[in-house]
């Protein structure tokens, strides 16, 4: 079955939305019209053009270690089952019965060899085959071709412990899609075996998904002001330029990150250094141990933050991932995971967990103030006069690349830059105007 | 109709008053006074809730929305007192409706379970946010009165229906 | 006044929606695209194309026995007053003042000789005439033509105790509209004088209205699995094939029904048999007493269920009606009535009432599990990837009609069939693509 | 300020505890234990509500959302225990906030009126469902304690704002 | 665990009963009986709420949603008894959930603070309206029992989320 | 920066909405189609065509007496800051940061010399200049032109103590816009120094904004029936024709009002008569003292009511203003102020305040019953059949103007007229069909 997502009569660059975008977007001049952040037409196009085509992160492998383990997630707004089948392969299926579309799995997570639809009882193996149809002979005689009626499969691949999937049959390989970002994912996730603390925190924010995604890719600059309360309570350490020092990297395909460095002291558990050294290339290891913090958005909607602080007098750090799921022009569901080295000491792991929770979960003191901005921007972008504004993405225009950094991609010195935001929206626009 | 009461009425009323007083402090933003109601060894958590088939564990303590001790609770309060805590400045209007209080004396203190319904409204948002949960507390008697030694918040959604958890529950 | 419903510039088969439907719907091949179950454009078209044209059930005559008795209902989403006027004629009026559209009646039911608008006091007789205009001379001089300003009347007719109305001036007669279904309505409602237990239960479900309507017309197949809990508690009686045995009937115009038969024991109150015999033709009577249960949808949105069980050791049965009112692409208001023979014994009536309430009202154990499916299907149909699915309506394709059944219509042996669903959607499509 | 109390405080507290305990059983899905709280002759109903002009009867007992006796309540519980009760498996997360409890001793037992606010959330639905109602109960004293002999639920909507009534009120 | 109770339990229970009784009268439209619960010099207000930076005054008594004395409260009730009070005829279905009752004896009577959550539903509107507020009352003991001498309603929104305030709070 | 509001590709008279309006609106014949009161397309057009172009009232000067005093409001749906700058000039700014659109002010009112954006800390003076950009050199080098980045200013003017603003660069002066209405605003607001009792009451009603606006301009006729409860409790005084006597005035540009007169007794505080005489022209003064009540809508969305009554045996009156802010096709936010003469006696002021609150605030007994009508009309107008209705605006068609009244505009004797409603919708239609 060929999947065609979105209304065929409405896509393409020459329609009304394409014209509206073309007339107002000028990324090279650092200008993006406010309306793209709260507009139903933009949102509906994105569900197909972005979330129907990109590789999307759906789970971490430590969530489904055993055959039969599954979690249910969404790709954009489309519900999927992420399951490790009996052969140990991770598979991603649309959570919709081929008979009449009922969800065949209604739990957040579990272990199952089969998924049985509650409506009429069609039963699928965890590898997707339709293996049971009640009273098949009486109901269908011999006209039912069960082979054709597997659960709809997304293309699926694993990298750095993350499970990704895409609906696009002609998408590049995941490796190509990640491109230069792989080098940096090594630092976040490849330096040691990582595990999540547990299932994600989930909540809904009244914001457009692109605002937090852009922030994660590009926006170190907001830290000094948005998070000005945190140096006062010790959760941010460093002088007034704590957010500037380091590198700003566009890793291609819209993926962007910032590396806060150097650090005064190692922010990782010392017991892990050997493993880091074993798993990383020397220049990666040398980079890693100088890192104080980092933020990254893997296009389109997965944000990583590596954060460190002194908590109760001792250094602590953790990695978190926030998945920004589109739920409307002005709504986003957040899935938030904390991660830590599997082999770190129990004490480090516990402190890292608490550090994650107080900083970047739903109650996190970073997250709270970020969200306040994102929500009010989204509301503003829904009003006609504010929609006439063109937002500024000027920082770093014309700046010279860094030459003293070993990693790949377009690297700039100083994290006070909006180059990654420009790259993010350049990629976004390309996909939005793409003629299928 | 004079059956034996399972609960000592005086204790029940005292706990009632304690929880109502706590709600008042939080709803009025009197966070410093609220901190005086916790013990030094307080454990304050809020597990992730899960949708599972009937009978399976429907929460997870690995990831929690809150996982606080006295030090981190104080940090949070300290932050609110700075002039940069945008998420709650201007403050939300909150109302913590406390009902279904059940009290169980225990060697460690008083085990209290209560239902909490939180109304929250911010700025010129005409919408309303609601949080529904159960709190499972351990209140420990001290010379200064009952003090919160343990709280676990069971939120009634797997996707929390609130923009953030910038408030205490 | 000629009523033209819907936007004239948007109807017609050649527009975007027509093209989307034509491209994806293939009923003869048993295929219907998922998007029709959660799509704003489809929904808005339906309000005019289906609910602006069909005969719609609005009340049961036992709800308004006396002159002046009225109930307020909706036809699709349009509010109406169903009233027995002073001459004893049932009339159906748009509940909107001709002056400036205020509701002239704001109660669910009552008895009134006149309806007086709360805004400016225009007063209408219960036969629709505008009979009072406050200060008419001072306000209007002599330019107000009161004759032209009756409450807007729908065409109205009664059949089998049901009041129907339509906005379509060129609709066929109600008798023609019901067609072969009349024979079966005789079994449900014509076998004896029926009465409702009381005003309808009402609730709102997050589902598209077509899914329950289709289910009522066609879907005996789901019973074995969706309602698998009920044999365990005795509310469904019979072996594993309890849902298969019987006949599947398309009665024309999209009306569909299933008859579960034969039965091991009579499911009706024996004291009523004489009346049944008097009112029914012999072949109808012979059919009736063999019936164990039945489900039917009168196109577009009225579902009947005749259900029987052993409750506390004794046989019991009742008839219920559920009206599925469109409230959005993904919302339906349900009105649910239980009915029983007026002259059955008080004990039977009481047991029938309880049987209705525990099975098919808002708390009914059938209804609950049905709704769970309908709601999750509707949600799925709102996501772009699931919208690309084509749902299967293959059961019974190519099956031979039954020859051993006395009733009219296309009759098939075995209720495991989706023929009625195909007929329902064929009629639906015809109306949706109809060029006014 | 020591006026005569209309209600015996001990009884009031006992009823309070009874209703809170009942809410706990239902919110935790302990339906078998809940069944132990009803009498054999229980009558459990929920009339249809109507919008009528002020003064006219605004409910109807001919059609009811629930009309149960002990046998049908047991049937419903039995059903929930099968593995095919999809409507509540996975279970909804519910919270029954009980307030405004008024107690009136009576030859038949204790007449109790209470307000009930039910929060319900299912699966990954970010929405919230609320039911608001009054319950008019008759609790009958038995050697094992108070037992529910009669309940009538007055829902505060003519169109019930819930997907179904697959839960007890 | 037998600490001194701040509040006399009898008084607390009496106030509880008084507020629950008042809610019953209002929810059942027994407005004349409700009027009997107020004093001749009653002052009944509801200030406008404002969003301000933390610490600034977040209400205004210049403009109020209600500002009533006994005479104007009686006028309002009188109006509801005519047959032209369309806004509440047919009546809304309301439910006033009263919680978090705190009682403070005082030379002027009893100072009572309580939380009030009002559910309101009208006609065939499938939606639900909620009002959340705190009430700060002065109840004055009289030979006929406690009487409302002062009430100030602190609504928890700067934009009231209700079509109108055609009901008493 | 030139502000262009709304989607350029969607405005203009020749599109679908223009055709729908042209086909159905016939104001000269007193006919307006019901759909305009609950239609998303109409609503979205209005946000630009009406609220993007007209002069809109945003505050009363007594709300911001001192330099730095501000209130936050909306113009239509667009958030603005109304601030008295350090020079004492009132200014109106879009409440959106020029960097990325965050609200720079998040309080309802206060006093501020500067507005600092919480996201990245851009700081603006209360006269709109961007005066602070954190780390500007590091972030922007020298490419940031701060001059261009003032807060977006609306044109702003004050008349009769009311602050107005408009986004339309080519709008006429405020004086021209008010036209003949100035004469009447003198009566309401110019007769003495007025002040508000405090910040506005605010609430949201499920109604279309035009229905209350029209009512305020034109509808004295509803008083007798909608407010029939009020004579019974003394809040309306006079015989059965209390609403008819007086004048109905169209003051141009869609502004309409009614004057209830003559009065049996003076409804104003006698201590103010001297001031009235000083400030008004003689014919205005003579008119004023005969006025019993008055209602007026200043196009598009500001309604005044001057109301009087005997309260506890004594005469009392007050002026109120209700601003009907569009929040959706079927939602309106109301801002309601009471006003009184600053120099009236404290006792009069207190009684006037209570009179305002019991009559026209959110709990006001006039407001309540009005709202009940407006809400049900709006609901009806959302249903397809009711949308086919044409509402009647016939009253006063062909009536002769009054000759015995000194004020300007089209003046008619008798307030039972719908001429002002016709004028309101004529202006509305003109703007809706205007080709930018």
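In order of appearance the chains are A, B, C, D, E and F, and numbering begins at 1 in each one.
Here is the rule we go by: a contact is a pair of C-beta atoms (placed from the backbone, for glycine too) under 8 Å apart; a residue touches a chain by one contact, two chains touch by 3 or more.
Since we're looking at a predicted model, the values are computed, not measured.
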| item | value |
| --- | --- |
| Set of chains adjacent to subunit B and to subunit E | D, F |
| Selected pair, greater C-beta contact count between C-D and C-E | C-D |
| Reference subunit D; chain at largest CA-centroid distance | F |
| Label of the chain whose CA centroid is most distant from the centroid of subunit E | A |
| Inter-centroid spacing, subunit F versus subunit C (mean Cα positions, whole Å) | 46 |
| Distance between chain centroids, defined by C-alpha means - subunit E, subunit F (Å) | 32 |
| Interface hub residues of subunit B, defined as touching at least two other chains | 9, 51-53, 85-86, 88, 90, 97, 99, 117, 123-124, 126, 158-159, 161 |
| Subunit A: positions in contact with at least two other chains | 106-108, 118, 204, 225-226, 333, 369, 372-373 |
| Touch-based graph of the chains, sorted into line, ring, star, complete or other | other |
| Chain-chain contacts as defined at top | A-B, A-C, A-D, A-F, B-D, B-E, B-F, C-D, C-E, C-F, D-E, E-F |
| In the complex with subunit F, residue positions of subunit C that touch it | 3-10, 47-48, 51-52, 74-79, 94-96, 98-103, 106, 117-121, 134-135, 138-141, 143-144, 149, 152, 167 |
| Residue numbers on subunit D that touch subunit A, as the complex places them | 86, 90, 123-124, 126 |
| Contact footprint of subunit F on subunit E as seen in their complex | 46, 48, 50-53, 56, 60-69, 71-72, 75-76, 78-79, 82, 84-88, 158-166 |
| Footprint of subunit D on subunit C - complex, ascending | 106-110, 196-206, 225-230, 232-235, 311-312, 333, 337-338, 353-354, 357-358, 361-363, 365, 367-369, 371-373, 375 |
| Of subunit F, residues touching subunit C in the complex | 16, 19-20, 23, 34, 37, 221-222, 224-226, 241, 244, 369, 372-373, 376-377, 379-389, 391-392, 394-395, 397-399, 414, 416-417 |
